[in-house]
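Please find the structures below.
Below are two complexes that have chain A in common, paired first with chain B and then with chain C.
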Partner chain A sequence: MELKAKLKEFICSTLGVEADVLEYDTALFGDSPIGLDSVDSLEIISYVDGEYGVDMTGVGKEHFQSIDTIAAYIEANK
Partner chain B sequence: MTDNKTRCVITGLGMISAIGDNVAQCWESVLGSVSGIDHTTTVDTKDCYSDYAAEVRSKGWDSMPETEGMDRVSKLCIKAVAEAMEDSSLEDFKGDSRVSVIMGSCVGGVVSAEKYYTVKKDPALIPQMPISAIASQAAAWCHAGGAVTNVANACAAGTISIAYAADLIRAGKADIVVAGGADAFASVPFAGFTSLHALDANPCSPFNHLSGITLGEGAGALIVESYEHAVRRGAKIYCEVLGSGVTSDAHHITAPRPDGECQMNAIRTAIESSGLTEADIGYVNAHGTGTAKNDEAEFLSLHTIFDGKNDDLSVSSTKAMTGHCLGAAGAVEAVFAVKALTENTVPPTLGFDEADLVTLKERAGKLDFCPNTPRKKELNTVMSNSFAFGGNNASIVFSKQQGNVKAAGEKKRVAITGLGIVTPAGNGTEKYIEQCRRNSIRLEADMRSNVGKEEYDKLGLKMAFYRKLDHFSQLQCVSGMYALKDGSYEITPENAAQTGIIVGSSEGSLSPVCDFEMLIAEKGNANGSAFKFPNTVYNAAGGYLSICSGIKGYNVTATNGAQSGLFSVAYAMDVIRAGKQKAMLATGTDENNEIIRELYSGLGLAADEPVEPYSGREQFSLSDGSVSLLLEEENAAKERGAKIYAYAVGSGAASCGVKFGTLSGSGEALDKAIRAALEDAALRPEDISAVVGFANGHSAVDAIEKSSLKRVFKEAVLGLPVISVKNRLGEARAASAALGAAHAALLLNGDITCEEAYFFGDDDKMFVYNTDSRKLERILVISYGSGGSYSAVVISR
Partner chain C sequence: MKVAVVTGASRGIGRACAIRLGKEGYTVVVNYSRSEAEAQSALDEIRSAGGDGIIYKADVSDLAQVKQMMRDVDKQFGQIDLLVNNAGIVRDSFLLALNMNDLDSCLDLNVKGYFYCAQQAALKMFRRKQGVIINMSSVSGELALAGQSVYSATKGAVNSLTRVLAKELGAKGIRVNAVAPGFIETEMINALSDDKKKEYLDTIPLHRFGRAEEVAEVVAALAGDGFAYMTGQVITLDGGIAL
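After this line comes the complex of A and B, so read on.
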């Protein structure tokens, strides 16, 4: 499965987000309808580390903005 | 000054923690600045970034008589209770119904859950898992015969249990309450806090490094007693218990409000209800966990409240010595607060080096955080604060002086003004009424409730919120929000702090706990889920309900078996009658899923075919649901023109401890609970026109109900309609108990007019007849808790 599709699948199945409102460029955190928070980011960090061997601990917020930005970070740091 | 009738005192102390097996040892450690934190050897720390814990490492303390087979948490609890009773010169209570037991806990019997999923699925472990077991086992151990419950509000549980103890005594419902809290260190909390990155990689240093907590374990027990009772028996009196404050954040499930608003409300309420001012507090035993979010919020609260009003305030966190004992924390720290007061000694906050002291000076301002070593200080009044997951805040005041706690005054009338009903047959009060009218619900062997997008949209709940909820919390949020909607009760900035919640649940979050345990058993303690862990705390559902409704007042999750959903109504009545809140949501919620079904099947209790009440079986139809009742002080309800279904006019609770997981032999406690409820309502048995019972088809449960009703109602029992909600919807534990109260309100309001009821026959058999509910004036609702404790509430037109 493509990287972004896998990230989306993870966010929907683990973090309870409904697939029909989640596009690759949808804002994930803050006041967005998705509304991920720091606890969710821990799950994403753990998943990305386990799946792709990329450690996102302490990485700037801008990389967590959307599936696009997370995927870009993974690609750049694999 | 507080009048003698209203005065509550502490007459006994007991504790066990990483720094000692008893109060004397723990206090000696405090005086010696000894920390109990060390590398753990009891849980697997492979790949975990921290391996520190403050465990009870001494040997031999856990071989007390009559505690064999109990979970470590109950043994810790009973160890502290035994010491407190001895300290207070109390012996076995011999079933005294004026003695209650209220215990706080966060994770309950997780050691048993761990054994069950990692060693062997031994059915004997199952009854040891839920928090419900702790107070019940402690009460059975000392033969306390009054109300028995656990407060499951995570890290604020211990403090709330003491606050509730004092309230029960002031309401005239107990002379002595054995109060406190207990929690054991185990893989679930360790892996959970690891997943949240909330553990400090080093021993925690509250108000200093702000880099996380270190988990501890232990128990604290306090004998809370009415002053007059203590004087009558010549008890040694440590100090007064003055006011308390309990609030909820309506903010986030794990993080405290950064603005500290509701923390401050709890602290201010505690001071004001003590009849004191900020200047009167000499020492605060702070929550002080060591995480940045907690400590920063607490710095802010303390500075905002005390700066300029109290230049001589000492504050410390004893968690650097005991670790964070979670549900025991408030109890252990209350014992330290009382010792500080009576020994005129401020316990230290450990872990500051020279550079840290410079930073502390900047953060502390005029507050004295008593770094590293204890300090002698003449103390008159002290405070203990606890803040928890779920956004719960609790604060309590102990003093050498009488303070000025106001007497409860005349009992306020409590109206039922809203109902939220979620059952396996559907959701919403209107739907339930319609189904009852058409008699269209069919009992099944295994029944499960469902809520989903339809309900969330109807209630205006957004995905960013509801995506986080586990099933238990989903059921609770939907029924709670339905009750507010049904009661046309809008939460506003004006009434948010005057509105509270009591969630009642038998198993609470046991299913998420087991789910989490299975996850870490498979993947290791380093790989728990940060998303799932917050839902393992029993008060998560109440916390979520506070967040989605905006309710900022009292927030307690009470768990004492199936009766929890009725006990919550009684508890909420007490809160309103004491004038602490204008309105309360009282709920009963329990879930049925594969995990819960496996546990009930393991006990041989889950039937494979529908089981009706009084059918003489050894099993029941396992079910679930959530029912919330909106209770309001009558005048407040009338002022806003609320629809009033009925009134909750009296409540009673009693226990006769038998082995947890059983009931037989405890029936007389049900008599006592019923009589206490009648007395509270100033009624006689003949004033009762029907009973909503708790029979579920299991012969032992049904026999208790039948024999007690015969004893209480005597020959009049032959004409007494006994109404069931379980003949349609099975055994949904707390949800059934709360539904019993809601159903009674609907009958009395005429929403349901004709009802199939059971009647006693001459030969002890029960017969079903239709009864006309229009003739019903007052309905007695009863329920039971495993281990032999009971609740009764009278609902009146």
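After this line comes the complex of A and C, so read on.
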């Protein structure tokens, strides 16, 4: 499965987001309809570390904005 | 098989913890920074008691080395169940004589090193939603001993870190506690003059120094299921000094 599709599947299955409202460029945090919080970001950090061996601890918020930005960070740091 | 990482495990309390945990059945990562022969001897003792593990050289005040160590351990063993954050140094000095390089060294190892190891171990524990972190504190984290401002401040930080991490990580199945020993028979105490030893002994209601093995006993107990409901606590083990 493609990287972005896997990230989407993880976010939907683990963080309870409905798949039909989540596009790859949808804002994940803050005032967005998705509304993930900082605790949810820990799940993403753990998933990315375990699945791709990419460490996102201490990484800036801008990399967590959307599935697109997370995927870009993974691709750049694999 | 459970996997324990013990930092600063080549000597003293860390060594005793590593050996005790090895006897408990943990696969033990004996972390050391300089004393390879002593780390190997600790591992030999673990193996002779029927346990197993590896030695791993890493300066835990260096985040890159900590990341590499936790990554390697996770890769080799597939999990990290227990972190004993123990590596630390003492640089006693009165404030006006304080050397700022000593201050930096203490903060780097005793505080930042604890953060680095906790973060990287928790990252691995997070995946399985289980794990235990035990921070080695000291009675100096609460008691005011003249000349120990730096060490006391670092251990006070460890106590605060323990409580906050317990709150942050509790919902993810990770428990965080600390052990705060008093005077323990280590190289530091053995190097004291008889007069100084007596002076210290007179402050201890049980009138003896503790043994590193006694600290390890508490660490092993805290790591076990018998204390599965305890988190965010600092357990004092000081023969009554703090009373």
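FYI, the second predicted complex is superposed on the first by the 78 of 78 C-alpha atoms of A that agree within 3 Å, B and C clash if a C-alpha of one lies under 4 Å from a C-alpha of the other, contacts with A are read in each partner's own complex, and residues count from 1 in each chain.
Keep this in mind: a residue touches a chain if its C-beta (ideal position, glycine included) is under 8 Å from a C-beta of that chain, and two chains touch if they have at least 3 such contacts.
As the structure is a prediction and not an experimental result, all values here were calculated from the model.
Q: Tell me the contact category for A:32 with respect to chain B and chain C: first, second, both or neither.
A: Touch status of A:32: first partner only.
Q: Output check: A:14 vs chain B and chain C. Expected answer is one of first, second, both, neither. What do you get?
A: After superposition on chain A, A:14 lies in contact with chain B alone.
Q: Touch test for A:46: chain B only (first), chain C only (second), both, or neither?
A: So A:46 meets both chain B and chain C here.
Q: Between chain B (first) and chain C (second), which, if any, makes contact with A:60: first, second, both or neither?
A: Neither chain B nor chain C is touched by A:60.
Q: Residues of chain A touched by chain B versus by chain C: which partner has the larger set?
A: The partner making contact with more of chain A's residues is B.
Q: If I apply the document's touch criterion, which positions on chain A are contacted by chain B in one structure and by chain C in the other?
A: 39, 42-43, 46, 50
Q: Sort out for me which residues of chain A touch chain C in the complex.
A: 39, 42-43, 45-47, 49-50, 53, 55, 57
Q: Which part of chain C faces chain A closely enough to touch in the complex?
A: It is residues 67, 71, 119-120, 123-124, 126-127, 171-172 of chain C that touch chain A.
Q: So in the complex, which bits of chain A are touching chain B?
A: 14-18, 21, 32-35, 37-40, 42-43, 46, 50
Q: Provide the residue numbers of chain B that touch chain A in the complex, in ascending order.
A: So the residues of chain B in touch with chain A come to 195-197, 252-255, 462-469, 527, 529-531, 534.
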